[in-house]
Structure formats: C-alpha cells, structure tokens
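Take a look at the structures below.
Next come two complexes built around subunit A: one with subunit B, the other with subunit C.
Entry: the complex of A and B
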C-alpha cells in the first residue's frame, strides 16, 4: 500500500516535469528553468568534489568556461555536429581538471581553494586575451543551435527537453557513483585522508578522479550553455560565478546529489528575483551562505530530511 | 610455551632522525608468525614512529623491513595494505560521519576490484563485488561483536566501541599482520577483557599481531614476545616474564635510583 503510494507520487512528479513546457506559457520562466537545469549539472559535479571528497573548488566557472568555449568553437570553426562538439568540450575540460588536480593533490583547505580561484582567473584571462581564437572581450556570438539527428533545437521548450535528458543522465551517473564504492571512498577521503591511505585507498588517484569528474560535469554544462544562449563572453565566467556555484552546492546540501539539484534551482530563481538589486546580490548570497553553514550544515535537503524524520516520529507516537 | 615458529616480519637496522632527534636508532626486531608481539616503552620511546615506518607513513633513513623473508620495497602506504599490513591508530581515526559498516567496508577497498563502468550502470559486476565486501565487513564486525551497530553513524558510538570498529576495519583488509597502536587506551575493565578475548581468538585464527600498549597487566597477559624501546633503541626483547624482571626495563620506566630502591626493598 505504502509502496504503491510512493510509485504513484513518483509517476505524478515525472508527468508534471515532462509536461512543464505545456503550461508554462511565459518564455522567461522557461528560460530560467533551463538555465537552472544547466547549472544543476555543474553543481552535481561540484558536490561530488567538495561535498563527497572534501576538495572545495572555487574555480568551477573556469571549467564551465572551457566547456562552453571548446564546444562552441568546435561547432563554429570546424562545423562539428552538436553532440560531437560537446563530447570534445567535455573531454577538454576533463584534461583541464587533470592538470589542476595534480598541484591540488598536495594542497588542502584554504590553499586548495586559492589554487582553484587561480585556475578560474587564469581561464578567464586567457579567454579575454587570446583574441584570435576567443574573440577577446567581445566573446563568441552566433553559436549555432544544436542539431541532433536532423532535429534542430531552437525554442525554449525544445531546449527544456534537451537539457532535461542531460540532467537525468548526469544525475543518474552521479547517484550511482555516490552510492557505490567510489562514493564511499570519496567520503572516507573527506573524513580522514591519512586513515584512508593507511587502509589501502590510493588517495591521490581518487582526488584526481574527483577533480576530473567534477570538471566533466561542468564542461558538459558549458557545452549546453553555449548552444543554449548562443553567445558567450569572459563576463559569463567570473569569480562571482564560481562563488555562486559553490553557494548553490552548499545551500542545497553538498553531501547529496539531490542537494545539488535543489541548490541550483533555488539559487537561480533567487538570483533572478534579486536582479533589481544588482550590486547587493553577492552580499545577500553571503548572508544566505553564512546562515546555511551555521544553522543548516546539510543544506535545504538536510532540513527536508529532518522534517520527514519528525513527521515519522510523530506518526509513530500517534499510533 | 609455544615453540618458535618461522618469523614473518624482520626489522633490521631501522633508523629515523627528525632533525636533531634520533627517534629510532638501529632497531632490530623479529616477529614470529602467529604470535602476539608487544612493543612497550616509556612515552617518546619511538613506538608509534616504528609503527609508522612499518606501515610506510614515515620513510626510514636506513635499514630494511622484510615480510616473510622478502624485503619490502619502498612503496606508498596504501600499497603496503595489499601486501598484508593493516593498522589502527593511537587516537581513533575513523570516518566519523559515515556509518559503521561503511567504515569497515573501506577496509575491504583493496580486496574487491572497482569496475567503474559497471558502477555507472549499476551492473551485475558492481553489485556482486559490493555484496562480497559487505559480507566480509559484516563478518569482521561480528567477530568484534558489534554487528548490531552496523548502520549507526560512528560518532554516535562510545569510545570503546569506536576502537572495536577501527579494529574491525583493519581486520576487513584481510591482513597477515595487524598493528594495534594502544588498543586498550581509554577502555574500561570489561572492554579490556573483551579485547583480550578478541586478540586471543585472532591468534588462534592464525593472524600475527603487533601491539603497542601501556597497560602492563594486559601486555604481560596477552603477548608471546615483548620488545622494549627506550630513546629509540631496543633495550631488551624476550618473553613477558624475562622482560618483567629485566633491570634495564625497570630503570627505563622508573629511573635508575628507583630501580636501586626497588631492589633494596625486595632484598
């Protein structure tokens, strides 16, 4: 009986999500949802890196940028089809992840954070100054619409389904990794890397793997972002964006994959609401972040879990 | 007393220097297979340093360590685990926010392969290995008598239980030699008796155990052989009853004057 209820609820949620573009007529809202979907991919990857493995990164915007530029340039300069281009973009980002992970392996805590900040800034400056390829501050314009098996994706509604497929795929893989031996090993490294090493875990390989995986997620998201927005400039990938990604991950709850999804959607929507207060946006983010870290260390997902637990407890007492 | 068996671990001429401090000075120790070997000595004698050298966390300046007659190459600590070493720490080093079972399953890490692709699609292979690791880990927990706590978060357990979880984690790595760094520290008498029983049963099962311990009663009860360290040197080795009456040991623990006093009193 209880199980049936759960399955019914899940089907209802699935149908609701699948038919979302049909009753959201306001294209602006759909645009925000699509953007949040793209950010979700970045946050999921970041959760595997910072929530599970304990390697805080403030350079995700750098990976995001590499993914965007590489896949966009592949489509624009070499006329590669969309899917091939984002695969190349993802692989290129993975390579960046590998490069940054090697010095990062030896660092921890604030030093690691600084190194990742450095990576993000270097990426942005390369995009800004390597004018012949990246078009400098003007950025890339006219990134072609994605075309998959002859189907051209142009409208917000079509993008919704494209992004949804990638988010589902990404979430599935991330959840599998998190719930497997790999996720467990990541957590062990976060808790005590020396003890993990002493128990036979090749800690350095796992740290590298975590960086590469999170870079791939960001790179994939970047590929989608370029095709989705049609334009990309270094301004899209600043330090502020890296901080925003980290905020999404922490506020949603960085020790679960669900937390990444919740965080990305909540913060994308909040940041749209705060558009009026341009300059004060980061200050408000800061306050939310401090509040989260002190009062809900497991993020919004942690709060939902607590409510669920209390509800069950009360039910038991009433019975 | 049991007859001397072929030795499993040979430590030869190990020296370690930290700056101006000679932490270990030309250490020679032989550990026999299927015995409990105690390492005792006053604080700062170099016991934990010796453990760190054996488990590869510290590199020795000179000397060799051989396992079953084969000299150990200089490898990373995690590679030593697959050769047959597993250890516990003086201050418990568990993965605090994880469940007891997950902690112990980390011990199984090297004993089961990691099929990355199969993990991503939740394939048969990955589920099979996960079940094997789980079974082995539960077995280790059962051996320690704490299998009922498997799903609890480690930080909710009492100190004594956490020590047992750490012990189970080491056991789950299926080692030949288990190194215990002060296993009884902070335990109450009941827990100590339980520990004694566990170590006994492990010896019966054919494991070799090396332990550092300050509780002399426990050491004398449990160990087949004892090496005494002081100021980075082995001052004596032997059976518990030999070590107990050694004058170097008494003077290392109580000071020279005290030794004279103690002898005078006895006379």
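Entry: the complex of A and C
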C-alpha cells in the first residue's frame, strides 16, 4: 500500500513536470524556469566538486563562459550542428577544468577559493579583450537556434523540453556517479584527504577528475545557455555569477544532487520574486543567504530530511 | 620604468592595508571575510560625508570614519560570525555569510549615497610636482606616508597592548589560548574592528584619486586579497610586502605591456605563486602535521 502510494506520487510529479508548459501561459515565468534548469546543471556539477569532494570553487562562471562561447562560436563560424557544437564546447571546458585542476589540487581553503576566483576572472578578461574572436565587450549576438534532427527549437515551450532532457540526463549521470565507487572516494577525500591517501587512494587523480567533471557540467550548461538566450557577453559571466552558483549549491544543500536542483530553482525564483521590492531587493537577498547558512547549515534539503525524520518518529509513537 | 614603479607605490600601500585587514581576520579566526572590500567603500563614503556635509578636516574625518567602520566590523562578528562558530558551520557557509554581508553593505550604501560616483577633495594637491624626470604628486606621497604610519601604529598596538597580545596568542593557537583563559571571541572582535578600520583608512586615502562608488569594494577587495595570499595570508610583513608587490606589478604591466590584460596577468601570476609556493612568496614553507 505504502509503496503504491509512493509510485503514484512519483508518476503524478512526472506528469506535472512534463505538462508544465501547458499551464504556464506567461512566457516570462517559463523563461525563468528554463534559466533555472540551465543553472541546475551548473550546480549539480558544483555539488560533485565542492559538496562531495570538498573543493570549493568560486570560478564556476568561467567554465560556464567557456562552454557558452566555444559552442556558440562553433555554430556561428563553422556551421556545426547544435549537438556537435555543444559536445565540442563541453570537451573544451573539460580541458580548462584539467588545466586549473593542476595548481588547484595542491590547494585548500582560502587559497583554493582565490585560485578559482582567479581562473574565473582570467576567463572573463580574455573574453573582454580578445576582440577578433569574442567581439569584446559587445559579446556574441545572433547565436543560432538549436536544430536537432531537423527539428528547430525556437519557443520557450520547446526549450523547456530540450533543457528538461539535459537536466534529467545530467541528474542521472550525477546520481550514478555519486553512488558509485568514485562518489564514495570523493566523500572520503572531503572528510580527510590525508587518510584517504594513506588508504591507497590516488587523491590527486580524483581531485582532477572532480574538477573536470564539474567543468563539463558547467560547459554543457553554457552551450545550452548560448543557444537559449541567443546572445552572450562577458557581463553574463562575472564573479557575481560564480558567487550565485556557489550560493545555489550551498543553500540547496551541497552534499546531495537533489540539493543542487533545489538550490538552483529556489534561488533563481526567489531573486525574481524579490523584484517587487526594487531597491531593497538585494538587501533582502543578502539577509536570506545569511539566515539560511546560520539556521540551515545543510541547506534546504537538510531541513527536508529533518522534517521527514521527525514525521517518522511521530508515526512510530502513534503506532 | 622607474616612473611606473613610483606610480605603483600609492596603490601598493592601499593594497597592503587591505591585505593586512584580510590577514588579521584570517589569523585570528580562520575566516575569509568577503565583506572586507566593502569596508573600504563604506569608509570612503563615511569620510566623504564627514568631509563634505559636516565640514570636518581630513584628519578627524579619517579617524572618525575608521571608528565608525570598526563598529560595523564588530557588529558583523557579533551578529553573524559568532552564531556560525557556535554552530560549527563548515567554512563554505561562513564564506556565503560574508558574501551576504557584502551584498547588504553594498546595497545599503547605494540607498544612502546613490549610484553616482563621488570624489573626495584631496587635502593636498593632486597635481604632479615636476622633479626633473619623475612625476610625484603630493597626494600619492600622502597615501604612502599615512599608509605606512598606520601600519606601524597597528604593529605597535599588536606587540604592546594586552588586546594585541591576546590576538597574537589566538592567531598562534586558538585552542591553547582558550585554555589559558583568553577570551577568543573578544580577540575575534578586536581582529574584525582592526580590519574594518584599516579598510576604512584605505578607502579614505584612495578616495581623492579614485572615484567612490557603491561597488568599488569588489575590485579593491579582491586585489587586496590577492596581495595577502601572494605575500602570505596571516602574516603582517608578508601582507605588506604582497601589497606593494602587487601594486608595482600592476603599474608596470599596465604601463608597459597591456592595460586590458593587466588584471589577467596579475591573476596568472597569483595562480603561479599558489602553484609553486602555496604559503606565499615571502614566507617559509610549512609542513603538514597529521
């Protein structure tokens, strides 16, 4: 009976998500949801890196930028089809992740944070100054709409399903990874990298792998972002954007994949809802961040887990 | 070349002050305070208001503004860092909290002082004095002299006063200091107050040559942090050396190589330093204890 209930609930949620564009007539709302979906991919990758492996990155916008620019330029300059371009973008971002992981694997704490901030800033400054290729501060305009097997994706509703497919795929890969030997090794490194090393874990290889994987997630998200928004400029990939990704990851709960999804959606939607407050919007946003990290140290997912535990305890008492 | 090095000195002094402010907090409480750059902005604005609206002189404006911003620092420690420490929050949560503080301070400043850039009139001239081949402005001399004086004063306070000694003890070994009866929370508050005051001083000193805007703290704060890490985070001489080092490198690169890529080159240098000498250019390597 209980199992049936659970399956029923899951089917209901799936149907609700799949038919979401049918209820939401306001294109602006759908746009926000699509954007949150793209950010979800970045935060899932960031959770594998900072939540599982304990390597804090404040340069995720740099990877996001590389993914966006490489895949957009592949489509614009070489007329590559969307799927090929996005794969090239992801591979290029993985290469960047590999490069930054080499100095980063020896670092921790504030040093690692600063190295990743440095990477993000270098990326942004190169995009800003390498004018012949990146068009400088004006950025890329007229990034073509994606075309997959002859189907051209142009409307918000069509983008919703495209992004949904990638989010499901990304979540599946991340969950499988997190539950595998690799995911458990990541957690071992986070808890004590010296102990893991002593147990025979090649810690450096795993740290490099974590960086490359998280870069690939951000690169994939970047490819989608470029095609989705049609334009991209260095202003889309600032330090503040890296901070926003980290906030999503921590506010949602960075030790689970679900936390990444929850954080990306909740923070994207909250910052849109706060627009009614205009001038005080960001002040309220700041207070929400502080309140959450003090009173919900494990993020929103941690709170949900606590409620579930209490509920179970109460049920047992009643029985 | 010599001219560029000379131009780098005042901005280097500013970076050194900001780098010191990161180091004090990090040494005392292992906290990376991202709101430190915004203390520079806030100090500059408070100084500007005292100077323009209340018609105070430069020196009283400097000291009152340092005191006001020091209070803000204490408030941040008391209301945000203390509860986080009590709950044994992971470092990443502390970083997010200070980022939240930074967002709040920046937007409060935007509400009070508006989006327009302001310029604090210099107490001395900003026109260069011709000295043969090199150009020196009195304002730049003022920045370097006042900056160095403040560093010496704070170094003296740290070495001689009871609070300073407590702070150094906590920096060396927090747990042992606590056992010896030192109030570690109080030492934290002292560190936050000193850091905020140093940031405010940097803000007022730079205000006559650098426009004050609500988001000026982001750039200066980041560069100050880079300087602290390059010199050796947590070390006083290291931070000062790092500040001047980054200031001079920036001036030389910006003048001789490329102004667009200036910051990118600084960050490449930073990553190289982190890679080759993780404990900073001017510190001895420390081994890891198990």
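The definition used in the following text is that the second predicted complex is superposed on the first by the 306 of 319 C-alpha atoms of A that agree within 3 Å, B and C clash if a C-alpha of one lies under 4 Å from a C-alpha of the other, contacts with A are read in each partner's own complex, and residues count from 1 in each chain.
To be clear about the criterion, contacts are C-beta pairs under 8 Å (C-beta built on N, C-alpha and C of every residue); 3 or more make two chains touch, one makes a residue touch a chain.
Bear in mind the structure is a predicted one, so any value in this text is a computation, not a measurement.
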{"item": "Clash-or-fit label for the pair subunit B, subunit C on subunit A", "value": "fit"}
{"item": "Angle, in degrees and to the nearest 10, that opens at subunit A between the C-alpha centres of subunit B and subunit C", "value": "80"}
{"item": "Partner chain(s) touched by A:285 [first = subunit B, second = subunit C, both, neither]", "value": "second"}
{"item": "Greater residue coverage of subunit A in the superposed arrangement, subunit B or subunit C", "value": "C"}
{"item": "Which superposed partner A:184 touches (first subunit B, second subunit C, both, neither)", "value": "first"}
{"item": "Touching partner for A:194 - first (subunit B), second (subunit C), both, neither", "value": "both"}
{"item": "Contacts of A:202 with subunit B and subunit C, given as first, second, both or neither", "value": "first"}
{"item": "Touching partner for A:115 - first (subunit B), second (subunit C), both, neither", "value": "second"}
{"item": "Overlay on shared chain A, then closest C-alpha pair between subunit B and subunit C (Å)", "value": "8"}
{"item": "Touching both subunit B and subunit C, residues of subunit A", "value": "194"}
{"item": "Of subunit B, residues touching subunit A in the complex", "value": "55, 57, 76-78, 81-82, 86-87, 89, 93-98, 102-103, 105-107, 109-110, 112, 114, 116, 119-122, 126, 129-130, 133, 169-170, 173"}
{"item": "Residue ranges of subunit A in contact with subunit C within the complex", "value": "50, 56, 58, 100, 102-103, 106-107, 109-111, 113-115, 117-119, 121-122, 125-126, 128-129, 194, 239, 243, 246-247, 250-251, 254, 279-280, 282-283, 285-290, 293-294, 297"}
{"item": "Footprint of subunit B on subunit A - complex, ascending", "value": "173, 176-177, 180-182, 184-185, 187-188, 191-192, 194-203"}
{"item": "Subunit A partner contacts - residues on subunit C that touch it in the complex", "value": "26, 30, 32, 80, 83-84, 87, 89-97, 99-104, 106-108, 110-111, 218, 222, 225-226, 229, 233, 258, 260-261, 263-264, 267-268, 270-272, 274-275, 278, 288, 290"}
